[in-house]
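After this come two complexes, each holding subunit A, first together with subunit B and then together with subunit C.
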Partner chain A sequence: MTDGTTDPLTRPLPAPTPRPRFEAGFLTPYAFIGPALVVMAAGLLYPVVMAFYLSFYDWQIGLELEDAPFVGLTNFGRMLVDHQVWEVLWVTIRFGFWTITIEMTLGIALALLLEKPIRGASVFRTIFILPLMVSPVVVGLIWRYLFDARVGWINYYAGAWFGIEPQIWLGDPQLAFFAIVFVDIWQWTPFIFIIVLAGLQALPSEVVEASTIDGATWWQQILFVKLPMIRSILVIALLMRLIDVFRGLEVMLIMTGGGPGRSTELLSLHIYNRAFETQQLGYASAISVLLILIVFGMSAAILLLANPMRERSDV
Partner chain B sequence: MSGVQLAHIRKSYGSVEVIPDLSLDIAEGEFVVLVGPSGCGKSTTLRMIAGLEKVSSGQIAIAGRDVTWTRPKERDIAMVFQSYALYPHMNVAENMSFALRLAGTPKAEVQDRVHRAADMLELTPYLDRKPKDLSGGQRQRVAMGRSIVRDAYVFLFDEPLSNLDAKLRASMRTELALLHQRLDRTMIYVTHDQIEAMTMADRIVIMDGGRIQQVGTPKAVYNDPVNTFVATFIGSPAMTLVPADLSEEGGRVVARGDGFALPLPDRLKAAARRAASRGVTLGLRPEHFAATPRGQDDAPVHLDVKVAEYIGSSQYLAARMGSHDITAAVEVGPEADRLTAGTYHFDTQRLYLFDRRTGDSLTRAG
Partner chain C sequence: MSDRVRDDALRQLGHYVALLILAAFALAPIWVMIATSFKNEVLVQDSTPLWFFFVPTLDNYAHILDRGRFDRYLTNSAIVATASTAMTLLLGGFCAYALARTSFRGRQLMANSTLLVRMVPPAVLAVPAFAFVLASGVENDLVVLTVLYTALNLPFAIWLLFGFYKQIPVELEEAAIVDGASPLQVFFRVLLPLMKSGYAVAAIFTFRIAWNEFILALLLTGRRTRTLPVAAAGYITDTGVEWGRIMAMGTLIVIPPLLFTFFAARQIIAGMTAGAVKG
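Presenting the complex of A and B:
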């Protein structure tokens, strides 16, 4: 019996074991993410490093890399005064602004509307996400024919239903820009829709009900409870779309090739054209570096400002 | 007419009828506890009062106004959920003031009410914290505070204490009782814990299978349960039920069974005579056993003690009486050693008598 006044440890203790230098199993997480890290380093880092490296050389196709002359920052200097680069950058920004604004708005709105189990919602959901499953090359092909001035369905139905004169959609700078924005929205709104929907459905129902009791209207509930609670999902979705705007080029390549003029030429497509049409690999790499810096800067800014992990909570 | 009235409420989900027909009249300012086993329809009933669930048929009135088809915000209610349901992206002050801000309450008044509620619940140091940085008990108090600042006509609670540890739960029970005194509002409280029900309620509503079994004060449902369900549900440790046969012996009615012969008090004579032919179920509450005889109403029974649990001033016995497993709670003082088999004494004035077939009480005063 011990009563606090006597030392309770009167019996001898066994010899103590040394304190472990590392917690048992501290290597385990690294063992799991290690292989993935290696693959990512090879798959992601290598091209980035190569782009940096090549941007200091004047490397043309047909030339061995070893024979390409080192030109220092010449490629970057050239880029600064290259009005084509600034032009396609502006096209990219406009494209990104319109597509992302509309995709986010539409995707969130649709998710909010179809969140409740109403009749036919699941069918609609399935049909609606089909565009997501089509590869960009096929998307480009499909829409190129749909927008075709002579045989395209769009001219046909625009005329038959709305009495709109046939347009040479992909031959007019403004219409072509509209067309690629439209197609991007067609393909990627479902992406926003589906992840926002998943987020909404994972919301704890009692919290939403609490706001109903607190007197929030449908609209206030969305604005003050639901959207803030899926904020991290929205930020990630926005980030992924932003990165894609600077990355994707297949649809434009096939639908318009960037034309007419440079009206639909996005930065990534421009790089592609520089590299494989005009064969200036070194210069194209320098523009890639610009692209990487833009994407990296944007991502960092968004993650810092909107830190999607901050609101994580088990409440 | 005021308070909360439920008239012939029916609720079914598709073909599943959860509540067949429920009527209940709750007076203004009353603290009513709905209690019953899991799945008996307590939450469903509460959610229908809140307007989170629509009734299949029937009528609900709050403060003398028909609210059967009105939305929650128009019912003048506040609700505390089992999961607390705090807004994770708002701090404590924002959580508590959300409803007021939505209602367009002047800023100064919002501040004032939040501070008063925080004061009452000892949450003032935490007003700037997010829910995830609070302990379970603190979150629970925030949920409480969120409903207090509303100053609603009815407060609804759905098992608000079930996620707390035993000690905290006991102190929150006291807090809630105090809160009810202070606010003087109608409160409807759902729990499956009969101790919570007994300690806090003005009236207890005992439900089973979507039906109300009994409505009454804690004293009434304890002393005068309508049937074996209520009798065994209320009281801790639970009442033991044993089958018995009645016979007349020298002017007294004696209930005999395997291992016991208990003379019935005069109060039960008439009821016993009416039921004698059908056979009865005897109800023995654990706390009515004693180690030594206390008076002429005590009858000796032999208990074969299997386990004696030392609680302090009393001991809980898991014992056999004849072939029946029974529980006894025997007050022997904190100095007593663990009790063993022997003769114990049961206060026959405290016997309960039920119809063996229907389980309905035969001893009810009414």
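Presenting the complex of A and C:
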């Protein structure tokens, strides 16, 4: 008896097994995602909502929260005319401008110069990420020592190498500002260098070679081939550094406490000082709301304008 | 031809010199800390740089270990960092897995919002967390810190692990399901072994951030629950700064992150570039 099904050539193809779906099990994706969501809601969302809530109250340390008077938008009105807030905002903007400009320029330039893979590159890469791994508190302590007017080494080398008279670095508004910019550059330039380098080395070599054959000069190659191709990396690096400018406060808190005056007081540090030095928790929350709006607005603007995620099709 | 060889050799030499200068710049301050931690009070007060050749002393370390209640701070730091790392990996891993493998309502929103919460400045969390501890009278500050650190780290961990899960072909899991494995078995038997390096990167980043964090720890911990960075900052007093002891404390604090760097530099760089470089 010949049945068509016994002949491998004529047998009909088996019906495809239905693709097993993840949801088919007893656990839905929500069960996998839920716990993480709950923790993020408790640790991030709740505090942010709470900051908005507190910003409507005149709450000071020593007062029970229930006894704090509701003051509506008073805190925000006060903020608009508070020259201290505008002053620290200006310090933050200047700090961001100088650190990011110098770090991006140096980091990109170094990556372009040292792009060619060499022997021992991994040793150097390891060394370059060390500054990033050191606790911000310890970074602040190290540099406070180095910039110290009496025992610090900066005065020695500034004199020996550049003929600069000994200075009270952290006691002078301009020098202290220079010092915190310098420390930030020390810590973060290697980060820009490493991620730009990773991007450059991942570029398909054919494209670069093709432009060489077409007669592109070194400069043309950088400006019109390489940098445009790593555009999304550059945008994300810029975004991460911008966000950090509004997040960081530890190094300044340890090195200068924001002083002298408010010359090194970034917005984040100002919130901390307002809340826990002058003990105005409600008002500090209102400034927190300003900080959140700035960071989110800035990030949204950059992501919309440059859209670095466009190429990340997997999201 | 020989000109070209010579040019190449020169270029490579220049390359190395540039890298060496950069490396020295990156390392010098860290070395200053380590060297100072082994100096006696007289040497510390001398502002002439003394990099290598001096008679080392362990006095600073002895002081910290004997009288500084170092063991308590170390225990606190270790508990908080380890617990929040474990929680982040567990919860973040599940979440990233589900995000990478399913399409459900809200998935896109979820993926985007993990990026958004990454931007929340810790200073913003400080006042509400302080208010919460005041209002609720929670006794154990370390639990509050652990939850906060987990929350702070989850977005990045999810983002990172998501990328790693995406690289594993879905056919592997399908085959296991056809063979009758439950979702949990698929997760633990099939996926986890392939995800080792992904989890290692996430663990290093999470541990480092929890270990190094200062502001929230400063506000939320008391005398008994202080973590190492808070204790280190405490050595700066109005009456004077004991630099030798501070640097010894700093050196002890950076040991775990430095060890990670030496053993897992490649993974750390992979983690840093994960958000920036495709794939």
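Everything that follows uses one rule, which is that the second predicted complex is superposed on the first by the 258 of 315 C-alpha atoms of A that agree within 3 Å, B and C clash if a C-alpha of one lies under 4 Å from a C-alpha of the other, contacts with A are read in each partner's own complex, and residues count from 1 in each chain.
Note that a contact is a pair of C-beta atoms (placed from the backbone, for glycine too) under 8 Å apart; a residue touches a chain by one contact, two chains touch by 3 or more.
Just so it is clear, the structure is predicted and the values come from calculations on it, not from any experiment.
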Classify the contacts of A:137 with the two partner chains as first (subunit B alone), second (subunit C alone), both, or neither. second
Can you tell me whether subunit B or subunit C touches more residues on subunit A? C
Identify the partner contact of A:204: answer first if only subunit B is touched, second if only subunit C is, both if each is, neither if none is. first
Where does A:225 make contact in the superposed view: on subunit B (first), on subunit C (second), on both, or on neither? first
Touched partner set for A:114, first subunit B, second subunit C, both or neither: second
Name the contact category of A:33: first (subunit B only), second (subunit C only), both, or neither. second
Scan A:215 for contacts with subunit B and subunit C and give back first, second, both or neither. first
So the subunit A residues that subunit B and subunit C both touch are 311-312, 314-315
Applying the document's contact rule, which stretches of subunit A touch subunit B when the two form their complex? 204, 206-207, 209-216, 220, 224-225, 228-229, 231, 311-315
Over in the complex, which subunit B residues touch subunit A? Could you list them? 50, 52, 71-73, 77-79, 81-89, 98-99, 102-103, 130-132, 139, 146, 150
Which bits of subunit C are touching subunit A when the two form their complex? 12, 15-16, 18-19, 22-23, 25-27, 29-30, 32-33, 36, 44-49, 87, 91-92, 94-95, 97-99, 101-102, 104, 107-108, 110-112, 116-132, 134-135, 147-148, 150-152, 154-155, 158, 163, 166, 174, 177-178, 182-184, 208, 211-212, 214-215, 219, 229, 232-233, 236, 241, 243, 246-247, 250, 253-254, 257-258, 260-262, 265-266, 268-269, 272-273, 275-278
Interface residues, subunit A side, partner subunit C - complex: 17, 19-20, 22-27, 29-30, 32-33, 35-37, 39-40, 42-48, 50-51, 54, 59, 65, 110, 113-114, 116, 118, 122, 124-138, 141-146, 150-153, 155-157, 186, 190-191, 193-195, 198-199, 202, 232-233, 236-237, 240, 243, 246-247, 249-250, 253-254, 268-269, 271-272, 275-276, 281, 284-285, 288, 291-292, 295-296, 299, 311-312, 314-315
